[in-house]
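Some structures are shown below for you to check.
Look at the two complexes coming up: subunit A is in both, with subunit B in one and subunit C in the other.
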Partner chain A sequence: MYVAARGGEGAIQNAEALYNDLKAPIDADVVRAIERTMPYLIDRVMGEGSLYAPELAALALAQTGGDLYEAVLILRAYRSTQPRLAYAEPVTTKMLFTVRRISAAFKDIPGGQVLGPTLDYSHRIFQLDVLDGKAAATATFTPDTPDAPEPVQPVAPREYPLVADWHRMAGLMAPLEKHADQDPSDVPDVTREPLLFPAPRAERLQSLSRADTGGILALGYANMRGYGAVHPTINELRLGYAEVQVRHPISGDLISLGRVRVSQAEIVTHFANSATGVFGANKEKRQNHKEELALGFAATMGWNEIKVIAAAMLDKAMDLPAPHPAHTEEFVLYHTDPVEASGFCIHYKLPHYVTFASGMDAMRGANQIAGDEGKSVSEQPEAELVAEAQE
Partner chain B sequence: MNKETHNGHTSIAERLSVLSQSSAHQVKALAESLLDDLGVIEVLENRTGLVMLPYTDSVQGITFNLGEVLIAEASVRLKDHDGVEGYGSCLGRDHVQALALALCDAALRAGIRADTITAFADARALELIAADQELLRQVETTRVNMETF
Partner chain C sequence: MTLEQLALENHGYSYAFLDEFAKRELRRRILKAIALPGYQVPYASRELPIARGWGTGGLQVTLSLVGPEDVVKVIDQGADDSVNAANLRRFITRVSDAASTTDATQATIIQSRHRIPEERLHEGQVLVLQVPDPEPMRSVEHDISRAREMHADADYGLLWLALYEQLVRYRRVTQGASYPVMVHKRYVMSPSPIPRWDTPKLHQAAHLTLLAAGREKRLYAVPPYTDVYPLEFTDVPFKVEDQRGWVCIRTGAQNKFMNEIPNEDGTSTHEMSDTGYIEKLLNAQPGDTYYDNNGNFYIRGYIRS
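Up next, the complex of A and B:
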C-alpha cells in the first residue's frame, strides 16, 4: 500500500529542472555526436530496448544523461506506442554481411577467421593527445598491411559458412532437425504473451536477446567460475549486418529497407550425452549413444559480444540439470529483463510509509506479547536508538 | 539487396530497395523533381511503426524474434494516372523520406519518368556496392592465421 504525495508538483518539476541543470544542455548536434561516436553504447541500449532505432537511442542517452536503464525504459516506452506493421523475412547466419568472425575452439574453420572491428588485442591505454587537442585519434582507417601491395587488395567474403554445419558434416553434432515453415507472425513472442516455463526455445532466445547485459554477464560469469556445469569455448562469434526485408504490400515482392547491426555467438562443450548432458546419470542411455559436441546459442540486435557469449553459455546451462540458479530457466529469464529488474529496484524509492508502519506495529505487538521486562527496541525513542548506535 | 531481375533489367523491387538505402536528402530531391508529372496525389498512409525481425538459431534451427526495427512507411495513389498506387518504407522515423519513396514507386509503376528514377537508382546502387567493397577490403586486412598469430 502506498500513500499519495500531495503538494509535490512544484518539487517534482524543480527536481527535473535541477537534474537537467546539472548536465549540459542537449540539441540535435549532441544527439548526432552520440550516435556517431558511441555506436556500441547505442547498440547496447537498442538491444536491451528491443528496438532498432539508433537516432532515438542516442536521444534517450542524451536526455537521461547516460543513465542506461532510464534510456532503455524510454526506448521500450516509445516502442509500446508504435503499431507493428510487418514481419521481416527471417534472417539466417549465412545471410549476414559479416565483418567479424572468430572461433576459439577451431583455428582452421572453413572461410577462415577475420578479427574485424575489435580492440581485443589492443593496448588499453589512454589517447591523452586527444585531450591536448593534438589529434583526432582513430578517426580514419589506416591499416598496417605491408604485405598487401597496392593496388591489388583482396576483399573478404560477405558471407561465411556455419562452423556448426562443419561439425555436422564431420559427425560431431546431431543433424539439424527439419522444422516446418512457420509464418513469422506465429513465432512465440514475449512482448505479446506472458513468459511461462518451460519456455519455448523461441521465447528463451528472444528473452536473452533483449536481456540486460550486466545481468546476463553476472549469471554467465557465476556459471563460468564454478557455480555451474558448463565450461564454454567459443565455437563461432560473429558481428555483421542483417538485411531487413519485407513484402511490398502491392506487388508482394521482397524489398530491402536496409541493414541493422547484429551479433551472435555459439559456445561449444564436449560430451553432450555425458553425466552433465542430456542423459544425466542414465548409464544405459549413455552407453547407447556416442558422445557429441553440445552447443549453446544467442544473438542480439547491435554489436554486443559479451552479452551474446554469456547468453549462449546460459542457453546451454539452462538445458542441463544442475542445482545452481544460473541453470534454471525461470531464474535466468525472469531476473535479467532490464526494465522489469530496474523498475522493481527503483520502485523501493516510492513512499512505503503505510506498509512499513504496519510492519512496525506488528513488531511492537510481538514485543508486547513476549512480555519483555525491559523496554523493547521498538518502544525506544528514536533519539535513544541513535545514541546507542553511536556508542 | 534484392537480386530479382526481369529481362536483364533491375526490377521495381530492386530499384526500390536501392532507393530505401540511399541518402534521404537525395531521394527527397528526386521525388520533388517528379511532382509536376505525377498530377494529383492522394496520401493513403504516412506513419511510423515497427517491423519484427525474426532470426534463425544456427544450433537448433528455431526461428525467434530478435527485436523490432523502427521504420517509416507511406502509401500513395496517383489520381490522374488510373489510381496507380505506390508504397515506400525506410529505416528510422523520417515520414518525408517514406513519402518520397512511395512517390518514386508509384511513378515507376505508372511508367512516369522511369528512366530518370532508374538512372538515379543505378548510380546509388554502384555507390552502395563500392561502399561494401571498401568495407570488405578493410575486413580482409584483419584476417588472421592463428598458427602464426
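Up next, the complex of A and C:
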C-alpha cells in the first residue's frame, strides 16, 4: 500500500513512545491492582464512559497513565462499536441491593437510615504508616463480594421502601403516573439518536448519567449557591447493586448477567407547582390546586454520590419555566459531556494558521481603511479584533 | 463440545471501524443531506478512537464511504504531512486498507480540515470537510433550538445585521474564515473554517462536498453543481483574502492561498498552504486550478470585487 506523507507520521509515533517511556510499564497485575484499590475511580470512568466494565476501565486508566478524560474516551470509543444484543429488564429502586441510603429530609425514615460505606465522617489525614511499610489499614469489605463475612442479626432487609412513597401516601406529592409497559427498544437512546431540545426525559437522564462529574458539579454548585430558584433537600441518596437480568431469546427465561454498582439521588423541593409554573397564568387553577413536593432525579452506573446529587438538582432546575441561562436543558446537556468538552478543549492545540491568517487579513484590511481615513480602527485591542474576525 | 468451540472467533473491530448499524445511519443521513443542500441533518455521532473535535465528524463520514478500492487524501490546513492529517490518514488506511495519496486529483475521497485544494476537483470525487461548528448563526443565536426555527423560516436577518454592523464599525466586513454562504437559494450554511479564498470553490462545483461535525452531531452537503453564494451586499462585494504580491518561497507561485511564516527580523516569508499542489508543481504537471496565475477565479464574474 502506498503511504502518502511520512513527515508527521514519524513524529506522532515517537511522541506516543516517549509518553509511554515516561511512565512505568503496565501488566495484568497492575491493571488488577487498579481495579481492586480504586473502585471509585473505576466507577467514575465507567459512569462517564457509559460502559460497565471494571476490568476495561482499569486497563484504560493504566494505558493512559490515569488521564481521566483519555480513559473515558477509550471506553466510549470501544462502546460505540458494540452492537445491541439485548435489553435488560427494568430495575426499580426497590429492587436494588442497597448498601447505603440516607435522607436529609427526615431524622429517621421507614426502613431506617443506612450509613453504609462512606468517607463522609472520616478524618482526612494521611495513613503515613503505609509509606513506612508498616501494616496498612486493611480492608475487610471487598465491594465485589458484598456478602459480609459474618452475618449480623437481625439481617438487613433485602429491600428498602422509597422515601418518596411516604410523601405520596401522605398526599404531599403527586402520585406516580401509570405507564403502560414499554418495549425497551422504544426507549429513546442518546447514543443512537442525536439530542434535540426539548429532550425526552429518557435522553436527559441518560445524558446526566454519562456526564462529566466535574462539569455537572460546577453547574450544579452554581445552582446550589443561588443561581436558580431550586432550593433542594436530599430526599434519598442510594448506593447499591442492581441485578441485570435479560430474557433468554428462545426459552424466555430470566437470566441474571450479574450485579452492577449503581448510585441514585432524589432531591425534593417545596411548592413544586409554583416553582415549575405548571399552571402558568391560569390563576383559577393555581388557586384551586394545593402545593406539592417535586422530585429531581439522577442515577448513574458506579458509586458517584457527588455526580448524582448535583445532577438531580440540575434535573429540577432545568424544569423551571425560566431557568438561569447556565441551567437550561440545552446549556447543561451540551456542556457536560466529558468526551465532547475535553476533546474540543484540546483541539485548540491543533494548528489553526489558515483561520488565523484569514482573520489577520480582515484586521489588516480594516486597519488600512482606518489609516487611510487618518484614525484608529477602534478602541478595541488587536487580539480581540483578530478573535472576532476569526469566528 | 466446549464453550470455546461454540464461540465465534473474536474479530475485534468491524471493517472501517464503525459497525454496520452506524454506517447505515450515516449513509441515510448523508443521502438526506444531499437531498436538502445546506440543511444540517442531526445524526447520532459515534465516539471514535480519536479525540472529539479532532475531525471525528469528517472521519465518520469518510469511514462510512471508504472501501478498499478508494484512494484517500487527508489534509489539515492544506498540509498532507501535518501531524493530525498524518494521524487520521494512518487510522483510515489502517482500518479500511484504502490507498492514500497527496495528489488532489487522484483521490476518490479527500478529508480536509479548513482547506479546499487549489486544483479543481472533478466529478465523482468526494470532499469531506471537518466542521467544528455547523451553525452559521451561532454568534447571533446560541440557542440551537431557536436557530433551527430560524433556518426553517429562512429568517437570516440577524446574520445580515451582524455583517452590516461589521461594516459600520470597521468600514469593511471583518468575517475571516467560515464565511457564511447561501446554498441553493434556501439555507445559509457555514462552509467550515475554510478561508474566504476557498469559499467560491463550492459554487457549481463538479465534486460532492460533505461537511460533518462530530461533536455537534450535524452533517450537511453541497451536491455537485449547486449554487453557493457568500452573503454579500449588492454594493459591498465579497472579498477573498488579499495576498497579492505574496510569492511562494518553494515554487515561486503566486495567487494561491499562502501561509505567512514570521521571520526573526519582523518580516514574513510566504509558502503555499496546499502542500500537495507544491509537490505537483515541483515534480509533475499540475491540473487546472480554481484561480489562475493572475488570481482570476475560473467562473468569471462570480467574485465581483
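By our rule, the second predicted complex is superposed on the first by the 337 of 391 C-alpha atoms of A that agree within 3 Å, B and C clash if a C-alpha of one lies under 4 Å from a C-alpha of the other, contacts with A are read in each partner's own complex, and residues count from 1 in each chain.
Throughout what follows, contacts are C-beta pairs under 8 Å (C-beta built on N, C-alpha and C of every residue); 3 or more make two chains touch, one makes a residue touch a chain.
Model, not experiment: these values are computed from the prediction.
Once the two complexes are laid over each other on the shared chain, residue contacts for A:Pro83 go to subunit B and to subunit C alike.
When the two structures are aligned on the shared chain, A:Val45 is found in touch with neither subunit B nor subunit C. Using the contact criterion defined above for the overlaid structures, shared-chain residue A:Leu196 touches subunit C, although it does not reach subunit B.
Of the two partner chains placed by the overlay, only subunit B lies in contact with A:Leu115; subunit C stays clear of it.
Subunit A has more of its residues touched by B than by the other of subunit B and subunit C. Applying the stated contact rule after C-alpha superposition, one finds that A:Ile255 touches subunit B and leaves subunit C untouched.
Touch criterion not met for A:Leu61: it reaches neither subunit B nor subunit C. When the shared chain is aligned, subunit C comes close enough to touch A:Glu340, but subunit B does not.
The intersection of subunit A residues touching subunit B with those touching subunit C, taken from the two complexes, comprises 79, 82-83, 191. Interface residues of subunit C facing subunit A in the complex, by the touch rule stated above, are 13-14, 17-19, 21-22, 25, 42-49, 51-54, 56, 73-74, 76-78, 80-87, 89-90, 93, 97, 99-102, 113-115, 132, 139, 143-145, 169-178, 193-197, 215, 217-218, 239, 241-243, 257-260, 273, 275.
Residues 1-9, 11-12, 73-74, 76-77, 79-83, 191-198, 330, 334, 339-340, 342-347, 350-355, 357-366, 369-370, 373, 377-378, 385, 388-391 of subunit A are the ones touching subunit C in the complex. Listed in rising order, the residues of subunit B touching subunit A in the complex are 1-2, 4, 11-13, 16-17, 20-21, 47-71, 73, 75, 85-87, 89-93, 109, 132-133, 135-147. In the complex of the two chains, the subunit A residues touching subunit B come out as 46-47, 50-53, 55-56, 79, 82-93, 97, 99-100, 107-108, 112-116, 118, 141, 143, 145, 148, 153-158, 162, 164, 176-179, 182, 184, 187-191, 201-206, 209-210, 242-246, 248-251, 253-260, 262, 264, 266, 295-297, 299-301.
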